[in-house]
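I've put the structures underneath this note.
Consider the two complexes below, in which chain A is the common component and chain B and chain C are the respective partners.
What follows is the complex of A and B.
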């Protein structure tokens, strides 16, 4: 029982201070001012109630622009600030920092999006766009008049991160986080660590063996005392918030003990296509990913194991998948779920129909398994001429290329395949100089440091380049029987002014792009977003490049989009730095946008409690008021999400979400519907 | 510059930060055009708005409202269901006030739903172009005549 209802959750008495608003309309370097007359907006704002200063600037976010605001707060007594600029997701935090530096509470700031929601979408009618800008700024003023000081919510943060994915991004993130003194749990869906990097051989830009880069990281991760690794494991549920996520992990059993591993593998006869070699070979259902893989113990492929008993050392043995489920509390989650290489459709460039059409990842595995550096063969036949085709499954054009199952085309550039393809071309010429290499490309995008070297090297090694247009891609057909080569590549070559060529080859290699993994389940559990390309989306590509919109959920590597190994590792380290910055202090700061009760209006109906979906977020407590015991609602801010279910339920309007009150919305609606003076009467 | 101060019906869009508001920004990033008589207000979750809020907005001069919530992408437990419930509770009240119920629409818009965003805005704009201003329909009804649950 609380004796004094004034102690907590009461609404702060309305301040008696004079509301003095500073209004700033940003040109955004022309992005806004090319369409909206910012000077007219600023002039109109000057006449609005409570406005003490209205300014414009070429870039409010610049040091000079921010200084204007700081000076006005200090010198003109501005105590509310409204900036009309780009989207709030870009610079709201910037300006909150600005007003804080000048001594104002950060929540006495309001950001109006004039660029994405006005100038960029109403190019054709400058007058109407300007009038809209005035109205939008007026909504900002309306809200600003009702803003009050708010304090962030400080919560204890669990100094423990969950890393989802055991490829090079997850490994790098885990190691970097652990080295900052935080605990890490790394889970990997497959039985082995290493991800896609383990499937590569020589990698650009330094031609080192991929595993020479990968294995030292794996060894460091496995040896680090702060890291727990669970393979064949998945996150099956997640709840909570930054600093305090409760997640549930489910792990499959490895299926065979180390002492019986070899005998059990020997006894196993069931074989399936080996995904590590992209189906070029088969493997047993009790297997190692590759010689020297981590962990060294073999694992059972439960998805394909037929359940039949094995005869191990004369004893019939049935393997059981004993699922283990456990709970974890972590402060942050790193999503490093990687990518899939694009799998061409049946018949696309002859793939799946002509045996001599393969993908670049398949050729890499083929050379790793069978390449002797003396004679290049495919299906037992010597290879004399090879065609390498760029942009397969990338840079597709809506309306020209066939959409994928989800109705979309891959209109993005996969970035990595140009250099990978040229690397392969140069390697083929170096190791198999008798093989002619034809490189069919749309554009060459060797953008990274040292990548262009592969283009020059390919030219020097007499790789022949043929250039096609994106809407007129090469055609691959089986050659007529008795022809000198099994495959014909037909291409309109724009290096020879559109000459139509037929190139007879023994092997066609498709440089396939990156595809987002199917992580819909994870997206739903973590409430994170995907971009239009279906890869996981960051909040902002430049300002917050590894953070998702969900606080404490961070992206690492190719789950976010096509990246080479260098970029993946850099992104993974960035993700780790972000996690460390969040959790290292043991406290996280949450926005104060939670429910707040006006105890003078609350009469304890309990309607708010009934509609609340969050445990212990709002409850009725007994208070003593004037010697009488009464029920009143009380909010526990740490458990409140700020959804506002309670706001709409309260018959007395006794509850509001701080910073997003119903009264503020009503005032903003009034500002939209308000009659304003004719804009043309305002001089520029 | 076109000088066209012709009064047009106003569309209020209540857009969730985790969905429609980001979707509106994505439309801006594509530089796609849509009717100018639209005003997008960011909301955490529209489950905070009681039916009276919508009625009041119509009464004040808003002619169409699109509640762009996050649907199954919502980070708020029960928020989408509560929002749908509240919007459904609003329709009979709108009828009682003589307001065409098509003026209020609930639409699930995600952060990258650029085409659905434009489609919803265009459809509402087209509708309002046909049926005109809400104020012309609005009938005053005693505030306590239709208590809202």
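What follows is the complex of A and C.
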């Protein structure tokens, strides 16, 4: 795209040491050149010290654009390359590849972001934007002059992944990783596989039975030779880094052998609330999650077992939990620990105070256990009218809704509850046509393919919709004695011009949102972070949506935020793909931007060790210098994040982050603070 | 005070023919497009919403359904296919049933069984009375007035007309009491009722609001033809029966003949046109037909046709055929009376103009209230 013939500095390569820079200013198809005069920038660069060639192109990232660079390296002896183009996150890697192909070290390349940092944000002032481009490019040059060969860090990678959580996310991840030929260890905290999906019945979209979706994948996971499954197991410690994590797993014993299972269950009399049915029923402390669950053998609920001996076949038997701990080396860790349905506060919409107020998950279990498809009953009373309330424990407003224990409100949308609630509404009308269903909502967010059908179906089945405002949620009260119904729901309905309406009902169902499970210990052990919504956080919401900031620790499913099964499984497969890409070659390549100690200058103050936030990244070790024992800092590159804390702490300037040295920074700062006339002077 | 929701009304209004109302998601497009809606009477969504949540008390006060002339633009516009126009139609039936204190109206509207039963009762009563009271059947020549003496028939007509009046007026009174709350009634001086009366006359005769619906000239004309034919026939039968039912043979230019032909012709034309419309289903209003929608025009056509048949049989000198045709004619009239008469669709003839009238009275009363100085209102309140 260059119209002017390039003027080359008539210098030929002389010695190895000579710095010869090629500078390329990209039009970005107009994204940059519509605002910045690229030709002017290129011309300005041509006259800067060490610049051998300065070109422009419509798209430097195109094959043609890259070929320009390659040719210049080969033919003009260019040995440092600066491209001014889009953001480095987009094409820095591309151009590192380009220079590598032409025989240069990839880190002799520097990328200036002229689009995001300049043309896109200054499109009203062409002159100033061009000036700024010149300035940014000069800093690039300043750094380029000091670039040196660097080698990326290669680590051995264990071709083995740990998957934490045996819900549908963990199962899908484990299977996908195993099918790519890696080993997988799957640990599940509870005695049974399947997670929350097992607690559902008919699931949207297309109304399949949840277990029909779940069981085949469990069976495939159990049958796969590359996967080891440990139930009642947790990770109790973790150390190491991507490719080489040392983890410790602790597993409880199942408690009863298969041949004794029937008799022991028979003998057990101790009953506790059954969390699988959200406390609607009780179960024994030796139990199955549900008929047909996996694994099939019963397990002892150690947390609740009172330790009393059971009389099994006439023999008094005490059950012992023999904890088994073992070590494992894995290359990557998938965190698929799932979610909890929000548990409403005592009295929130009457929950816990009015017996006719239940949560949606509870109603799903109630119908699964007791729904006969003919008559709907609750607490032995026939149900004639039901109110379903949306957004319970979701989309709360700071300052209006009562904060939770941690002082925060749940301001996020739980995404799944709308469609789940409408699915329930339509299902109730379908199976119990005598029952009137009222749907109290703030917004209907049926965003996914096939979700909106449930809304239309509900309408057609004569579900009544009532709309409240988020800051004025409905109120649930016990009806006065003698009323026709036990509960009244009061709502200011904005479909009825904000009139106060009172809905007399026999049952109130709260569509509760998603809460993260309590995984504080995992967060600490793996040093991953949580978002403001308390769910586990990805490192980049768009470009790296399943990776955490810790290399090799990947997220899968609802541990990361509210998702339906489809999204959970998609995320789980993405996580598996990431793990496979990391580990498949048996090596992990890390960028070389880590701390490097100049042992000549280091005198072992240890200031760096104090400020470092990463475990085992930097430590003092004993060296023998001139026969004396001295302390010197040593970096473990795999654990170093390159944050530079140590650089700022070292009184001796003995430490630098490779590729981002203090000297480079200083040169860049000098360049950027030059007056433009000074910059222009060069031209004169 | 919070209004209590009553879920039963939605099921009920569907029995009155509100097809599709459940699909409505309250977007308001129907109200936005309606040419007859106003700020005070924002139909049809208002009606639909109140039906969905079952606000019977509020709905029974509404005039809105009578102010709608079913141009059908709402139904054409509705993105959900909720047929709001048909809901307005159903609301007119429902309101008629609410005004009707006998309860028959609702029964006939809601159940086909009831329609058939009422038709049978009408036939049995008329045939029974004929068998009991009819005079001798002279076969040598046609002597209708010997078989059915005109003074007796006239008395029967008058009795029916009086009953009609009583039913209509009492239902109208109920409408009035529903529409105007107690306090509202007390606040309206007689003068307002009187000055509004012109509206009543004007709308009774012209059905003028119709023409505010776009694209409705043809329906309006058709409707006017039916109303004119009906009015003429009503006068001939109830007031001038002695002159109309005769054994004399008149020449063709005699008013007894051409008035009769014109009125019967108008009714047949209007009735056939209405039935054809429902068969063709071109206009929104004709896309969904409740049993009562068929009954009215069909019976009208049959009534006129049987009347003409009597007439021509008499002129052809066929005595027995004339007498049987006469009984059949009476049976059809009775059927019309009991199914779509004062308790049924026919009554809209009265409710529509009165609704426009009440609307005007309300507007004038409201204006008066606005113009009354605040102190006067305050002292009146004391």
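Couple of notes before you dig in:
By definition in this document, the second predicted complex is superposed on the first by the 445 of 684 C-alpha atoms of A that agree within 3 Å, B and C clash if a C-alpha of one lies under 4 Å from a C-alpha of the other, contacts with A are read in each partner's own complex, and residues count from 1 in each chain.
We take it that a residue touches a chain if its C-beta (ideal position, glycine included) is under 8 Å from a C-beta of that chain, and two chains touch if they have at least 3 such contacts.
Because the structure is predicted, anything quoted here is derived from the model rather than measured.
Of the two partner chains, neither chain B nor chain C is touched by A:76.
By the touch criterion stated above, A:324 is placed in contact with neither chain B nor chain C.
By the touch criterion defined above, A:464 reaches chain C but does not reach chain B. Contact with neither chain B nor chain C is seen for A:375 once the two complexes are overlaid on the shared chain. Contact with neither chain B nor chain C is seen for A:269 once the two complexes are overlaid on the shared chain.
For chain A, the partner that touches more of its residues is B, with chain B and chain C as the two candidates.
When both complexes are overlaid on chain A, the residue A:385 reaches chain C alone and has no touch with chain B. By the touch criterion defined above, A:345 lies against neither chain B nor chain C after alignment on the C-alpha atoms of chain A. In the superposition on chain A, A:500 makes contact with chain C only, while chain B stays out of contact range. Comparing the two complexes, no residue of chain A contacts chain B in one case and chain C in the other. Chain A contributes residues 385, 436, 438, 456, 459-462, 464-466, 490, 493, 495-496, 499-504 to its touches with chain C in the complex.
Only residues 1-5, 10, 12, 17-18, 22, 24-29, 31-34, 36, 39-50, 53, 56-57, 60-62, 72-79, 82, 86, 110-112, 114 of chain B touch chain A when the two sit together in their complex. Looking at the complex, you find that chain C touches chain A at residues 1-5, 7, 10-11, 22-26, 49-50, 52-53, 80. Those residues of chain A whose C-beta lies close enough to touch chain B in the complex are 87-89, 113, 115-117, 120-129, 131-132, 135-136, 139, 524, 527, 529-532, 537, 549-550, 593, 611, 613-614, 641-645, 647-649, 657, 660, 662, 665-666, 668-670, 672-673, 678-680.
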